[in-house]
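Below are the structure tokens for one structure; questions will follow.
Here the chain labels run A, B and C in written order, and each chain numbers its own residues starting at 1.
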Amino acid sequence: MDKIKIGIPRALHFYYNGRLWKNFFENLGCEVVISPPTNREIIEQGTKYAVDEMCLALKIYLGHVAYLKNKCDYILVPRIDRYDVNNQTCTNYLAIYDIVNNLFDMNILNYNINVPKKENDYVGLVEIGQSLGYTITEGIRAYNKAIYYCEQIIDKDIRINTKKLDSNKIKILIVSHPYIIYDQYFGVPIIKMLNDNNLEIIYADKFDNKQTNALANKLSKTLYWKYNREEIGAIELVKDKIDGVIFISSFPCGPDSLVNELVMRKLKLPYLNIIIDDIDSLTGIETRIESFADILHEKHKSNQ
Amino acid sequence: MKNTSQTNKKILTFPQMGNYYIPVKFFFRHVCNCEIMTPLPITTNTIEIGSKYSPDFVCTPFKYTLGTFIESLERNANILIQAGGGCRYGYYSELQEQILKDLGYDFTFVNLVTAGNRNLKYISNEIKKIDPHYKKIKALYYLFIASKMVKYMDKIDNYIRENIGFEDEKGSFIKLNNKMLKEFSRVKTYHQLRKIYKNYNKKFKNLKIHKPNNCLKVGIIGELYTIMEPFANYYLEQELASYNIQIKRYTNAHYLLFEKGKTVKKYLKYAQEYIKYRMGADAHDNIARCKYLCTHNFDGIIHIKSSFCTPEIGAMPIINKICKQYNVPIIYFSFDANTSEIGIKTRLEAFYDMIEMRRKK
Amino acid sequence: MKECYLGIDIGSISTKGVIIDSQNNIIKSRYIWTEGSPIKAVKKLINNLKENLDKNIIIKGIGTTGSARKLIGLMLDANIIKNEITAHAIGTLTFYPNVRTILEIGGQDSKIILLDNGIITDYSMNTLCAAGTGSFLSSQAKRLGVDVEEFGEIAITSTNPVKIAARCTVFAESDLIHKAQVGYDKKDIIAGLCKSIVLNYLNNVGKGKKIYSPIVFQGGVSKNKGVLKYFKEILKEDVIVDPNSHLMGAIGIAILARENKTNKIYDLNIADIKFETIGSECNGCSNNCEILKIYRDNKLIDAFGNKCPKGAIKS
């Protein structure tokens, strides 16, 4: 029998949970198809399916789903409701399953995350395993193996990220959603520019997120978006060890529009705010990064 | 910026939203020992200063309410109330407070809703910020009356909406409604309120109308603030009524406060071929309503929202699909602080022409 | 005596006028620039139309459409004033009774109208942002130092259009500047701009609309061969541009004027009519509404612009 093919769009929550999903399904014996890094065709497909006003990240997501059409038996589209009352996500995560289900004629594997109601990755994935014909025991074993593997990698990421704080170079913290900053088409070229400007890059999302989540309260008392909490908590965690902060968000991100504004008003460090939309040319961003780097380098020199 | 706390007098105010300032003002007048400033109406100036101090791609209600706060502070208000949740709205307060503090104003900020949840103990603590000695029993009693007032206002409003396009004497509905609201604001007991409501309910039913049986019917769905604040939707309902159209709209304060919680399951079941989950704010409600309007002989649907309203944007592809399936025309309006009023009127007029032509066919 | 009807379409950029008879024959038509002054433009337009007009013709109806329809309707005492969406559809239908889709890109607005059996079944307009409209195109042409009339000719010579982000005017503009700075060929940038207008139109105005043939493309931008080329290429369908496409709105409103005619006979000697508008600010509240008072022969005939009854002025 052919292996069951499971498609995973390389966008949005893939950048938080993709590794777990891939590992889980491979442990079960499925074949996993991940859409390629964002490219022009994916963006065009996404634009075709999306409503014009949708945020760039959601448009891209739909492009990745379109790519996977006819390339797999099932496509995985989990939905996130909330982790707890103070750890919610933007409403796109609430809507994503229903949007995909209405726009595409595909078999969708879906589970819901609503932790107060005991709905989480573990329960959701094991149930999906069952629906695909695997036993509960097989599911649990596959999940445990996958989560162990992921934790190793996360620990390693945190170690590397933390070590960079001791670097002698000018250090900047990137505050951005992973699905933007690690996206091949949008974030990665920006990272390259930062490297070219001889900056040490520290990522806000690569710290112990329990710790950063708790620290977020120092900057914002009422913040209830999980991902934003973890990212701004990182500012609080490393603020004495870095030289500047760069905010990168996609147009027109709902939570970022408010949270970043608040944080920038309170921040005592130099910062740069970059908003990206579907733009091929990065020249405008390049100019701004260069001048920001120049300012940091000058400041550094005069302090020595 | 001037410091507004030279006197010790407490002056409380809150943002404008339709006529709902009446029950809100009623509540605080009876419960808290302070002066209450009737919310300033939104004007072009409000939008201008609101936009000036707001982040670029925040949704429009943020700009409107921030503008109102600044105008109120300039007129010496010193206690500001904000409430909202379900989407970004829940986070408005903290940022607005920070922006206003950065502008140099001195005030107390009271936020009645946190993380989109209603929590009585939390609300009680917030009210203590206004008046530490307020009486809980009294508060509960007046909260009860205020909520009934909202209910009655919305009931009358629904009747007005369905009939105002057909009134014999132009302006008769609005005139009567204003009279009723004035009496509402003066009541002391629930009993009085009920009596006034019943009385006016009869008066409304007696207002002369000439309504054909087969008049054009249009449903309005979309984002709540834009729907409920006429200034934010450029008096859309008034415009529609001038074309002799019967208007159906669901979102009102009574629905949001007392019914919404109960309807989630019902709506999800009703529209189950389209949606499985709630989608944030009123998005899933609007999908279910869209199906209802499409299957109940409505001539058209108007979807309105403020620019960048994420939940409604998420609902749009699904709403579009439903309208296509049932072949019901729909137009979308995305209102921004810079929206051109003439553009809206042109689109509405064309929409009216279209649904009328379809009827004739 | 021959009964005829005058239709005037006053847009933000151009003003179009047409006189038709009862069989939809175009007796006379004119097209001039509005130049920011609709009243002046219409006076000039009517004087142009009047010249050498057959003495046998009497005007039995006047219709106005376009963004200044209300003002000019009052000035001419038109028997019908209608929005341009309806007018365009009616006008196009008289020449293409089977038309299923009308694509229109004008100076400030772009719209799509879907029809079935001569009835408008669906339409949509741009979301109130000027990206991808005629005025955007001409401002970009100016920036590139090219005459907007030549734009289309240059565009079709390109085989390799540059990709330009066109969701929003601000982004499109900055993208365009960078592309030019980086050193792309001008013709490829121009072609890219034309293509981006088409893509943006289909993703915004045409989102979710099923486009059936026959397709008619009109509005000022329809004269641009580059945009036309990319419409054909992307839709993979033939797209018709009528030589009179710019007059469709005026023709449509003239037809509506005929359908709503009264006994009145109109005089075209309006050059001497004193028609004035006086703007004033209402200080009733901080809206500070701009109220426009309209006088004909020194008599106040209407006023508008007030948001509330406070600013209402009785004629």
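Going forward, contacts are C-beta pairs under 8 Å (C-beta built on N, C-alpha and C of every residue); 3 or more make two chains touch, one makes a residue touch a chain.
The shown structure was predicted, so the numbers you read here are calculated from the model rather than taken from an experiment.
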item: Distance-maximising chain from chain A - centres being C-alpha averages; value: C
item: Of A-C and A-B, pair with higher C-beta contact tally; value: A-B
item: For chain A paired with chain B, centre-to-centre distance based on mean C-alpha positions, whole Å; value: 35
item: Approximate Å spacing (C-alpha centroids) for the pair chain A, chain C; value: 45
item: Where chain B touches two or more other chains, by residue; value: 317, 334
item: Touching two or more other chains - residue numbers and ranges from chain C; value: 127, 207
item: Junction residues of chain A, two or more chains touched; value: 51, 53, 251
item: Contact set on chain A toward chain B in their complex; value: 49-51, 53-55, 58, 79, 81, 85-86, 88, 90-92, 94-99, 101-103, 110, 112, 220-225, 251-255, 257-262, 265-266, 275
item: Residues of chain C touching chain B in the complex; value: 67, 82-86, 109, 117, 119-125, 127-128, 207-208, 285-289
item: In the complex, chain C residues that touch chain A; value: 127, 163-165, 167-168, 171, 174-175, 178-179, 181-182, 199, 203-204, 207
item: Touching residues on chain B, where the partner in the complex is chain C; value: 41, 43-46, 71, 317, 320, 324, 327, 329, 331-332, 334, 336, 338-340, 342-343, 346-347, 349-351, 353-354, 357-358, 361
item: For the chain B and chain A complex, residues of the former touching the latter; value: 55-59, 62, 87-88, 90-95, 98-99, 102, 111, 114-117, 274-281, 283, 307-308, 310-311, 313-318, 321, 334
